[in-house]
Amino acid sequence: MNISYTVLIPLIPLAVFLLLGLNSQKIKPAISGYIGVLGLSVSAALSFYTAYQYFLVDGKVDDVYQTFVNKSVWMNFTETLHIDIGILIDPISVMMLVVVSTVSLMVHIYSRGYMKGDEGYTRFFAYLSLFTFSMYGLVLATNLFQIYIFWELVGVSSFLLIGYYYTKPSAVSAAKKAFIVTRFADLGFLIGILIMGYYAGSYDFETLNNPEGSVILNGASTSFMGLSVITWALLLIFMGGAGKSAMFPLHIWLPDAMEGPTPVSALIHAATMVVAGVFLVARLFPMFYFVENGFALNIVAYVGAFSALFAAIIAITQTDIKRVLAFSTMSQLGYMMLALGVSGYDGHEGVGYMASMFHLFTHAMFKALLFLGAGSVIHAVHSNYLKDMGGLYKYMPITNITFLIAALAIAGVPPFAGFWSKDEILVAAFEHNKFIYYIGVFVAGLTAFYMFRIYFGIFWGKEKTYEHKPHESPLSMTIPLMVLALLSVVAGFIPFSEFITPDKVGFEAHLNYPLAAIATGVGLFGIFFAWIFYKNENSLSDTYAKAFGPFYKWASDKFYFDEIYLFITKKIIFNLISAPIAKFDKKYVDGTMEGIGNKTILISNKIKGIQSGKFQDYAFSFVMGAVIIALVFIYLWTN
Amino acid sequence: MIAGISIYEILTVTSILFFIGIYGFITRKNLISVLISIELILNASVVNFVVINKYLYPDMLQGVIFAIFIIAVAAAETALAVSIIINLYRQISSVEVKDTEIMKY
Amino acid sequence: MEKYIFYILSVIIIVFAVASVSSRKMLRSVIYLLFVLCGIAGIYFLIDYNFLAAIQLTVYAGGIIVLIIFSVLLVHHIEMELEMAKVSRKILTGLLCLLGLAVFLYTIYNNDFNVVENQVTTTTYDIGAKLLSYDAGGFILPFEVISLLLLASMIGAIVIAKGRKLNDKNNEAL
Amino acid sequence: MDILTLFIIVPVLTIIALVFSKGLERTRVVSMIGSIIQLGMAINLVFAYFKERAVNDGIMVFTKDVVWFKNFNIHYNIGVDGISVALILLTAIVVLAGVFISWKTSELPKEFFISLIVLSVGVYGVFISIDLFTLFVFFEIAVIPMYLLIGIWGSGPREYSAMKLTIMLMAASAVLLVGILGIYFNSNADGGPLTFNILDIAQVNIPEAAQKLFFPLVFIGFAVISALFPFHTWSPDGHASAPTAVSMLHAGVLMKLGGYGVFRVAMYLLPLGAIHWSWFFIILAATGVVYGAFSAIRQTDLKYINAYASVSHLGLVLFALLTLNKIAWNGAIIQSLSHGLLTAMFFALIGMIYGRTHTRDITKLGGMMKILPFIGAIYVITGLAYLGLPGFSGFVAEMNIFVGAFQQNPDTFHRVLTVLVVSSIVVTSVYILRLVGKIMMGPLITNDVQDLPRATWYEKTGILLLMIPVIGIGVAPLWLSDMIMKSLEPFIQGVL
């Protein structure tokens, strides 16, 4: 299969970025919007074409999906160790191409309406293109270092986009927080890469992931503190992934990242960038699975499960709809991690892996839809808070319907997309780890509950008094909603297990009816409770909130993780490390240097007294000198 | 020649005079006193010239003539010193040594 | 007889020299100096250099002392007591001077002077002839140089003592 | 006239022309033309170097040897390898950018530009010298004008800063001179004549005891100018007081002499000493990296932040050199280039901001992006490049250093230090983002000033001049790292 044209997929957004970025003052906003959408349409078309070619035409040889690589050396370290930049085409990268293209295109179109009239319109599209370019580069990466390079680039695009309203202090601090927290996680990633480079001698995925390769077979040979170094490297790499994918305890940046414009939240913080962590684990799945019998993979599973539960609980208590969606994203990402964690490798064993990717795909569609829908609502009522909303179904029919579809999808109600992927995840968990399965089921119920809580809160409930009468959003915004709604309905019917499996051999997946029934039942149960509590304004929710007492308060304060981090950064790093160091520098290091200088001046001041300017002192010294010289000569002559 | 007095005794006296002059030069706090001390030192050396001429080389006159020269120079020097002192007194209304330390820096 | 006169003169010279450098009254200090100079003139008489003694008396006692007294009177109140150096400094200087003296005397007494017994009398004529002689060993050139030096110092003294024309600034200083 | 001596002749001719030119207008045009010729020569040198390298595989090419002082066997002996070529190019770029940035110098412009160009003569001289003594002479020529430049055209406590800087650098030079003489008097260990020629000395087996004795002297002598902890304190004060172009040249080029000297003299001539002492100095260097970064967090003066950031980044250069690994050394050289360009850019931007707002206190600045879009955007980009974003030169350098440090010395001591140093990238991002967030973003603080003069053509030219190579290295590092890697070959032999 000839893949050379795929180079264009990332390069077109890059060109658009350079064009818009360098001429942001000169290009008219209307034109820049068209340029952005047009550029991305081409990329998206190429992506779809690639997917079609790969999955359906000539990706397979002997029923195994082949990996196509096209790369060139970017920087040399030694003969064997070098960083390449290139393109790697395999099932998950093609799947990611489709996800990124679809969501990004929808968001581009949506943004033309949403950002209308904003003074930084061109800049916004430039940033979006930069992000899309970086994300393409990330998913197409051929080696760990390339992934790291684009990893940083998506991080910085995220920084720029969160801080898009740069005059707003909260946006700036959210942007900083997002960047620094993920940067901290990337530190682990980088060290992991360094370890991997040293012990495995390569950054290439093909070398690393080969189940018969030396890396995996000899992975346990060198150990450090009871674990093999490769496991350590994987755990550190997972730390990077956890940072990007907002896994507990590195999740704190994600809710704040909602300060960015809503289309950005939909694109970056729901559908694409945040799944990079999941993608990374999936990318290195053979290593995670084989090295030391999947120790690292177990960690992934538990971190994922805990994050899913943790975020779902917090999501229930939030009142800012974007934050609810943010925690929901975190919870769903935990779901994907969990699925990877409970996956096997061969044949049907790999259902967890497949389910994770499936959920990634469907989640991208319906979560993007939820965000865009929320954006549409916010656009209409100019507030993020539930208390300012209610009864909007009358005014915004399209938004209402599409939001409902997305909510049903995420709640796992058949036949919407979320049902299929979530069911597969639960199947995988049930087969491998019962404990995780129970968590998964519980989270599914919570998900349905909080999602319908905000759905009822926004569109039903008591109608608030609005300053401006809310109205349906313009067509440029509703078309993407409708497209994504359609995808949320039909995406579940894609036979994912045919395409994406760990060993790249397709298998037939069957619906496990009892498990599916349980999951659906739990989901419906959650919806039912939400209906009771929030369909009409009543005091039930407050009563129950009171019943939970302090626990409710903790959850609504996000279990105080922000405060803990704030304590660490402000108190410990700023006041306990930096301030003393700065002081130490001024006082002791500089003080010593100054001290040497001052002592010299002091001594010279002392000595200066000899040169007093009093001629009588000079005379005294003169006579003394003469006498001493005379004495010396007398001594010499008389001996 | 002084009957009964050897050159040693005369030289002793002039040495004492010389060091009294030096003592004065170093300890006095007033420029005129310093000038006086200088006169003592000069006189001590003049006497030495003369005495050595007389005792060791009586046939020559170099010592005497140098004594005359020294006296002449001393006179000139004193005249100059006094004029400097007077001028200084005009400038800073003092002839104390401690007030003339501005050459220190 | 001459021996005793010399001793007396020596005592006068040393005592008045000491008095001169330690007196706290300026004018007295000058007068003590006068006595010292006269004593020295006496020594010149004793060793038969009458002309030199005369010069000593006229130039020193007559000229220089008068000059110094004038300057004292110009810049001093007669009753003013002089400021004295610190005791420690005096002792230190005294010790240094004694040490120096010891060195001198040690050197002098260790030196074997080749004394020529004589009774040569030097007349003013001899001195004058020598001074103005331009033969070998004559002092005509130094004599002229000294004359010039005297002239120069005279002019210098006048210029310095005259000072700048007094203006307001200098009035303040005065 | 050979191609290298021109790098001395042209600046000297520029100086002569400056002496005879009158008025600000003519002065700066003359300096600009001189600097442009220098840049042209530097670019030409790169191409000439590649051409020459193809046919000549000596350690140094374009060599020339003239006896300068016979009694002590001092030669004017010049030549370049890939590393010097890269650094000469850097110097030419920064000097030209510096001339553009000081376009508006009003006070004694002629003398200012003369000093600036004298400084560049010294720097070029160091980079082309093969003779130790000549190298030292040029080193001193480069240091002295700093005193005048800071003392006369500086701001704030300039006399103090100039004095501090000069005295500390001079003290280091004194130590260095002792070390150089130590090498010189041991250069006949194999029976040859005493010589200052670096290439000849490298062939001599200097006794191990002498190497152990003189390595610290030479190392510290050079490292002080690279702001080795704890001898870095001249740098914040010096930078804070220096005028913009001087800060640029100083941080951008002069501080690179340290790393260059360490590897060209200390490591190359005293390899056993380097192996013996590396554990000690690597602690200092690693401390400097982390320490500088943490110090930068707390500063409020823009220039102080940058000065401490330089301590951190140049600590990285020394750290890399001390790991005694080829990849890391490659990284160290690239880091020198990258830091030179980025710091120069930062100082230029600070100068522009200061020139408009008359403050460098970050608590008094905010939201500048709104009123100074060009400067703001470049500032953000520079900041991101500084914290090692891929696509810019800093990333390439840092990755080389980290990978190299990890390849060599797989013992716990070095591993811990490496991880410590790697962690500085997080701290770096903290202070850079704090800075960017504070002064460029956020609400506009200087509310009374709604409109500041936009960037002028000469400012933009100066910035772009620096920006292009930063992106060039960042996007396509292969040619540069190959050129450096090949030149490193003979130098790394001794310490491996």
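Going by the order they are written in, the chains are A, B, C and D; count residues from 1 in each one.
Quick note on the criterion: a contact is a pair of C-beta atoms (placed from the backbone, for glycine too) under 8 Å apart; a residue touches a chain by one contact, two chains touch by 3 or more.
What you see is a predicted model, and the numbers here were worked out from it, not measured in a lab.
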Chain pair with more C-beta contacts, A-D versus A-C: A-D
Chain with minimal offset from the mean of all protein Cα atoms: D
Length of the line joining the C-alpha centres of subunit C and subunit D, rounded to whole Å: 72
Rounded Å distance between subunit A and subunit C, as computed from the means of their C-alpha atoms: 103
Geometric centre distance via CA averages, subunit D-subunit A, whole Å: 37
Rounded Å distance, subunit B centre to subunit D centre (Cα mean): 68
Multi-chain contact sites of subunit B, meaning residues that touch two or more partners: 22, 26-27
Where subunit D touches two or more other chains, by residue: none
Residue numbers of subunit A (touch at least two other chains): 620, 623
Complete list of chain pairs which touch one another: A-B, A-C, A-D, B-C
Sites on subunit C touched by subunit B in the complex: 1-3, 6, 10, 13-14, 17-18, 20-22, 26, 29-30, 33, 36-37, 40, 43-44, 46-49, 51-52, 55-56, 59-60, 63-64, 67-68, 70-72, 74-76, 82-85, 89-90, 93-94, 96-98, 100-101, 104-105, 108-109, 113-120, 122, 126-127, 130-131, 139, 142, 146, 149-150, 153-154, 156-158, 160-161, 163, 170, 173-174
Residues of subunit B touching subunit A in the complex: 22, 25-27, 34, 97-98, 101-105
Complex contacts: residues of subunit B adjacent to subunit C: 1-13, 15-24, 26-30, 32-33, 35-37, 39-40, 43, 46-47, 50-51, 54-59, 61, 64-65, 67-69, 71-80, 82-87, 89-93, 95-96
Subunit D residues touching subunit A - in the complex, by the definition given at the top: 164, 167-168, 229-234, 291, 294-295, 297-299, 327, 367, 369-370, 373, 384, 387-391, 395-396, 399-400, 402-404, 406-407, 410, 418-419, 422-423, 425-426, 429-430, 433-434, 437, 440-444, 476-478, 481-482, 485
Footprint of subunit D on subunit A - complex, ascending: 25, 73-78, 81, 83, 145, 148-150, 152-153, 156, 159, 163, 166-169, 172-173, 175-176, 179-180, 183-184, 187, 190-191, 194-195, 197-198, 573-574, 577-579, 581-582, 585, 589-590, 592-594, 597
